[in-house]
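Each structure below is given as structure tokens.
Across the two complexes that follow, chain A remains constant while its partner is chain B and subsequently chain C.
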Partner chain A sequence: MRKVNDVILRTVVKGVVLIILTLGVYLFFSGHNAPGGGFIGGLVLGSAIVLLYITYDIETIQRKMPFDFKKVAALGVLLATGTAIGSLYFNVPFLSQTDGYFNIPILGEKHLTTVTIFEAGVALTVIGTLVTIILSISEDD
Partner chain B sequence: MSIEFAIIILPILVAALVPIFHRYLSKNVIGWVVLFIPLCLFIILTTYIPRISNGETFSNTYEWIPSLNINITTYIDGLSLIFSLLITGIGTLVVFYSIFYLSKKESLHHFYCYLLLFMGAMLGVVFSDNLMVLYAFWELTSVSSFLLIAFWHHRKGSRAGARKSMIITVSGGIAMLAGFLMLYAMSGTMSIRELISNVQLISEHSLFIPALLLILLGAFTKSAQFPFYIWLPDAMEAPTPVSAYLHSATMVKAGIYLVARFTPLFGGEMTWFWVITGVGLFTLFWGSFNAVRQTDLKALLAFSTVSQLGLIMSLLGIGSVAFYFGYADESLIYTQATFAALFHLINHSTFKGALFMMVGIVDHEVGTRDIRRLGGLMSFMPVTFTIALIGSFSMAGLPPFNGFLSKEMFFTAALSISTLDIFSLDSLGVLIPVVAWIASVFTFIYCLIIVLRTFTGKVKPDIKERDLHEAPFGMLISPLILVGLVILIFFFPNILGRYILKPAMTSVYPNFSADEMTPNIVAWHGFIPELWMTIGVIIFGIVLYKTLKYWKRVYNLIPQRLTLNSIYEGFFAKSEDISGNLTNRYMNGNLTNYFVYIYAFFVLIVAGYFISSDAFVWNPLSGSKVDHYELILVFVVMFASVALLFAKKRVTTVLINGVIGYSVAFFFVTFRAPDLALTQLVVESVTTALFLICFKFLPEIKPETSTKVWKISKSAISILVGATVTIVGLAVVNYDKFPTIATYFEDAYELAGGKNIVNTILGDFRAFDTMLEVVVLFIAGLGVYALIKLKANKGGTDVEKSE
Partner chain C sequence: MNNLIVLPLIIPIMTAVILVFLRRNIILQRIISILTMIFITGISIMILSAVQTEGIIKLDFGGWLPPFGILFVADSFSMLLVVVANIVTIICLIYAFSTIGARHEQMFFYPFVLLLIAGVNGSFLTGDIFNLFVCFEVMLLASYVLIALGGERVQLRESLKYVLINVVTSWIFLVALAYLYGTLKTLNMAHIAERVAEVGQDPLITTVAILFLIVFSIKAGLLLFFWLPGSYIVPPTAVQALFAALLTKVGVYALIRTFTLMFPLNQDVTHTLIGIMAGLTIVLGCMGALAGKDVYTIATYNVIIGVGFILIGLASGTEAALSGAIYYLIHDMLAKGLLFLLVGTMVYLTGETIVKRMSGLIQNYPLFGWIFFVVLLTLTGIPPFSGFVGKILIGQGAIEAGSYVLLAIGFASSIVVLYSLLRIFLASFFGETTVSEEDKKPIPKGVMVSFILFTISIIYLGVGAESLSVYVQDAAHTLINPSIYIDAILGEGV
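Take a look at the complex of A and B:
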């Protein structure tokens, strides 16, 4: 591969990726009551990973992040369908969601929902699929 | 969670876990772990026997999609109990047998995963009361059967056999689904029990007969009835435990189950009687006739299974006549046919399971199943010989084996139906016992072939060199248990009758008295016509067996190109040709053409709808005020769109496209839709990156060289698309054909516990869409991965490695 002088890019990316990742996680959790959610959170996290792959070479990133992103996507699908089927266990219709307020030590009273698990599935699928597609196209020669 | 539900879920759950955790289990252990599942289920199910035989039934409902009447309703009565006992009982024996049969080098975790998946699906079929759930499990059995037939997928025959069985059984399944939907349309219920209690309501409906025929199509394809049986002999490519389990004892009996289950609904209808009895009898004859010519022992058993399934099917047809008369003394005799059917169902599972395992043992120890190469194995394998003898003679209908009892009952039913004078039976009825008898003669002949050709005579030289010996003890246990049952049932048939068959008779004939329908089964009736028929079968069978080589030429009378198999293959070759030609004509690889198709249809349907339904209402005064910065954005988008047409390089087009995308994101911001704006921004960035990655594979844009007419029509379509979108955009404001859904959004917090309505739509109101979209996205990702990574090697054309 052509060697480019991309010191600036690399330095900037190091900082930016951290911000993007934080934003992704924030978007994911804020989803239920404010803009954000599983899909957009997953997209932002996925694009951060893609940015890393573009800036550095694939081998370096794969050494640092030894995930098989196909499996990440599969795990996401499993989570999403699992929460759907899981509601049958509680004798309520398929895909029922519920929520409630819980008092957690240190964090205080928090609003917890089962949608979060479902959305986590969505997010993981989006990350996994996005990275799988971009990696397989860029690795092809 | 109820026990019934757990019984269905447990095998499927373990099927999911086996491939994940198999690496922590040694290959020697995995089979034993799996064995535990059917054994447990069998023991649990036996605890139901006393309660079910007291006339109790068990039902539980889980709401699945209540808005569409689809609920997971488990229902256990006598009929489903018989099948579930067979599924788990034979399942236990088959898993036990396969521990010794399959080499430790095979990918055992796949095998047991598919097998358990099948077991769960099959239990789901017999326990479901809801039509849609039954259908789902029904197709799942086809899928798991496909996977099991193709277990040795490096063989061409396995793949072909798997595909054939899949195409035939799934097509039948879809026909059955159509029949189910018709039943739903007629009655408004998805529950089989409710359907049966509303017989009067639907039997007058015009869709009654079509629904009946479509459901029978499903049953016949699954139960390998003529002319759909052709998949079953090819399915013998599967490992022998699979053949013993799916293709003789359980899956092929799903069709029988379906017919028995729907008899209270359709019974008494002339079409039901004639189609089932006619197809069943012909299948009985055709299967036994063709079994005689087979040289592969497994193929022979496959045809014999086809024939025996035909026998059970025809008995159910005869039994359905009882509904014509209603509950009366003269109709009781016809219920005995159904009794015989259920009795023979159990008997067939015992002796046929044993025979398949016997063939597996011969194949395993001798290395061939071809009867032309076998012979004289009796002295080397005495136990296997005993199994073969008992199994075959039971199938042939000889005492003291259980097949004798059910065969006699079959003759009784055939004789009694021939004297009826309804359904124009007075002219055709006499054929029924005649066909039954002829088929039994052929059955007797192939039973003799199994025993005598394999185990007596001289040992052929090429197998003599092998070190012939009896199979390991573990492999013999399962078939020995089955032949033990064959003899036990002969001596104590009434225990089976009272506890297992009697409650099942109540499920088929809810209005009849169970005690009157349960006969006292005895082996000796005196010198009645049935006994003379059996004696005739034996005499003619022996004579025809001895003279086999003189009349074997009969089989060459049907020319090769007219056999069902070549018709099937010809049909598929032809349809592939035609659809290939048709598809190549419009799928020519030119993306511009594809866009033309897509947009032409878009304009046709969307604009067509708006024009035809007069939905285009635009009131220029009702729109809100347009701000000046919105106008700026509009001009940016317009300018970029026009500039796009003049771009000469791909990079330029992508960048200009990005400009449009980001401007749209700004629109979302100004319209206070931060979710959409965020999504649009990120999607735009990712697609731009994706485009840039793809560029190194794409050639430069070439100047267009198409004809003037083509150019004009393309511009026309483009303009029409733009116009349509504009019309739709303007018209939605005033569109009032659907009720508004705004109330959902206003109450989002109460209904879904979230303040962000976009997310409550995605995660709650339309969560089903989101779930399936996630699955689609995943499949698309895998598709891209597979397309790119799994290419044929240079110079190679076929990705699949064949033998």
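Take a look at the complex of A and C:
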């Protein structure tokens, strides 16, 4: 196979991936009150990972990120259902959420919610599923 | 605490995910999945008996009150089906342990069975019609995987058809939901029922109802069963039995729920249509069962006849007919599960699917043969077994409603069922055996255990029908008086 000269792609992606990841994290945290949330944040984060896979080869990325993305997805589902079922312990209806304002040193007063944990589960599931789909398509050529 | 009624949905999902991490440890996977199912069955039985004392139990997710939030509702009808579905799954799992093979077990077989049962339980329990769609999808996605797992040529062909049919059906389902929301501005089933009662069931709402009828008919195999005979015979036996016992029955449940609770007012149109479809289904199913030369075809067409027969109960619409339909639904889940396991084992033992090429099975495997005979009797509706009570009640209901044609078709179908299965019994079980005592393949112990468990449940359902009648009568009473359901969800004053 002829070696493709993709120095422009590689250089651009190095910068762009950082921007996409930041956007993904921003979208994730802005969710549940503004547009955003676990699903869309997860999609954006997942697309950054896919972009890395496309630019560099699969082996390189696998060495740097040694995750089994099927297990990432499973972990996400477990996290989301875990927070949902946690309601049973506190004797409130299933899927109940709670929030509160906490004073954290350095960061100041922050609004923390249990729904963020749920959204983290959703995000992990989306990332895991997305990357698994792309990887399995790319494997059988 | 009401939170109990979400467990039949959430526990299988969480266990399925945990099993993904134990991919290589097959023994542990087996133990965990069977324990989970036994646990859920226990919980479901607890909820069923709680419903008898406390009335309908509901759970508003996240504390959002109806009609705004999504909710789960446990009444006798849904809980009876949840209990039976879980029992069927336990028995099919026991069968799968000794037959499915390590290749399936490592490719996430148990997680997908658990996800399937989660979808089935969710469909029975939900009180929100959009949530019903979601639970249908959970169930269907798991079934897509289970039908294609194994990757044989014929599986690929049939699973492609199965997926396409179901994707199109789900799309129609979604369109119907959009129309429904557009007309009534609500998706809560009890709230829909109330709004329909307020404005009356005008032609527009009836049209939407017929759209739902089409969707659920495809899922249940009511008249639109063209996809069913092909796709039910390709997966491994344990999966076939699960499909035959559960998937069409969820469609039947949805039909009964929709047309007793939400759209019960224009019975001239909807119930007549269901009656005609049920009659045609039985006639066509009988033709298929009579024409079939191989055991699989005969078994799948028997599923179709069963669906038609249950829906005679819905078409008649009296309290007796509905309790008959519930009895028969429970019976059909157990009996069809056992029938498919038996048929699959016959094929495994002889290596043949054509009825005439098998012979003398009963000489080598006497217990196996007599269990087949029990299934034959129960599907025909001979008294001590489970089919009898359902048939007699549906018959009584059909007479009350004056639908004599359906009555005649329904009972004539019993004779066809008897003939089609008796043909298998005479040709394959009686006669000279072609296999000598030394050459015969042994039946694995787990397989025999699952047969015996199924047979015990069938005999219990027939002989102990009295002990179930409290639950069935309560279920039918709620179906015939939707106001009980509506009041339990929305409260008296709303």
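Side notes on the structure shown:
We take it that the second predicted complex is superposed on the first by the 138 of 141 C-alpha atoms of A that agree within 3 Å, B and C clash if a C-alpha of one lies under 4 Å from a C-alpha of the other, contacts with A are read in each partner's own complex, and residues count from 1 in each chain.
By definition in this document, a contact is a pair of C-beta atoms (placed from the backbone, for glycine too) under 8 Å apart; a residue touches a chain by one contact, two chains touch by 3 or more.
These numbers were taken from a predicted model, which means no experiment stands behind them.
Look at A:39: by the touch rule set out above, it reaches chain B but stays clear of chain C.
Residue by residue along chain A, chain B and chain C are tallied for touches, and B comes out ahead.
In the superposition on chain A, A:92 makes contact with both chain B and chain C. When both complexes are overlaid on chain A, the residue A:84 reaches chain B and chain C alike. When the two complexes are overlaid on their common chain A, residue A:71 makes contact with chain C while staying clear of chain B.
The intersection of chain A residues touching chain B with those touching chain C, taken from the two complexes, comprises 70, 74, 77, 81, 84, 88, 91-95, 97.
Within the complex formed with chain A, the residues of chain B that make contact are 1, 62-66, 72, 674-675, 678-679, 682-683, 685-686, 689-690, 693-694, 697, 752-756, 758-760, 762-764, 767-768, 770-771, 774-775, 777-778, 780-782, 784-785, 788-789. Contact residues of chain A toward chain B in the complex are 27, 31-40, 43-44, 46-47, 50, 54, 70, 73-74, 76-77, 80-81, 84, 88-89, 91-95, 97-99, 111, 113, 115, 118-119, 121-122, 125-126, 128-130, 132-134, 136-140.
Interface residues of chain A, counted against chain C in their complex, comprise 70-71, 74, 77-78, 81-82, 84-85, 87-88, 91-97.
Per the touch definition, chain C reaches chain A in the complex via residues 1-3, 6, 10, 13-14, 17-18, 20-21, 59-63.
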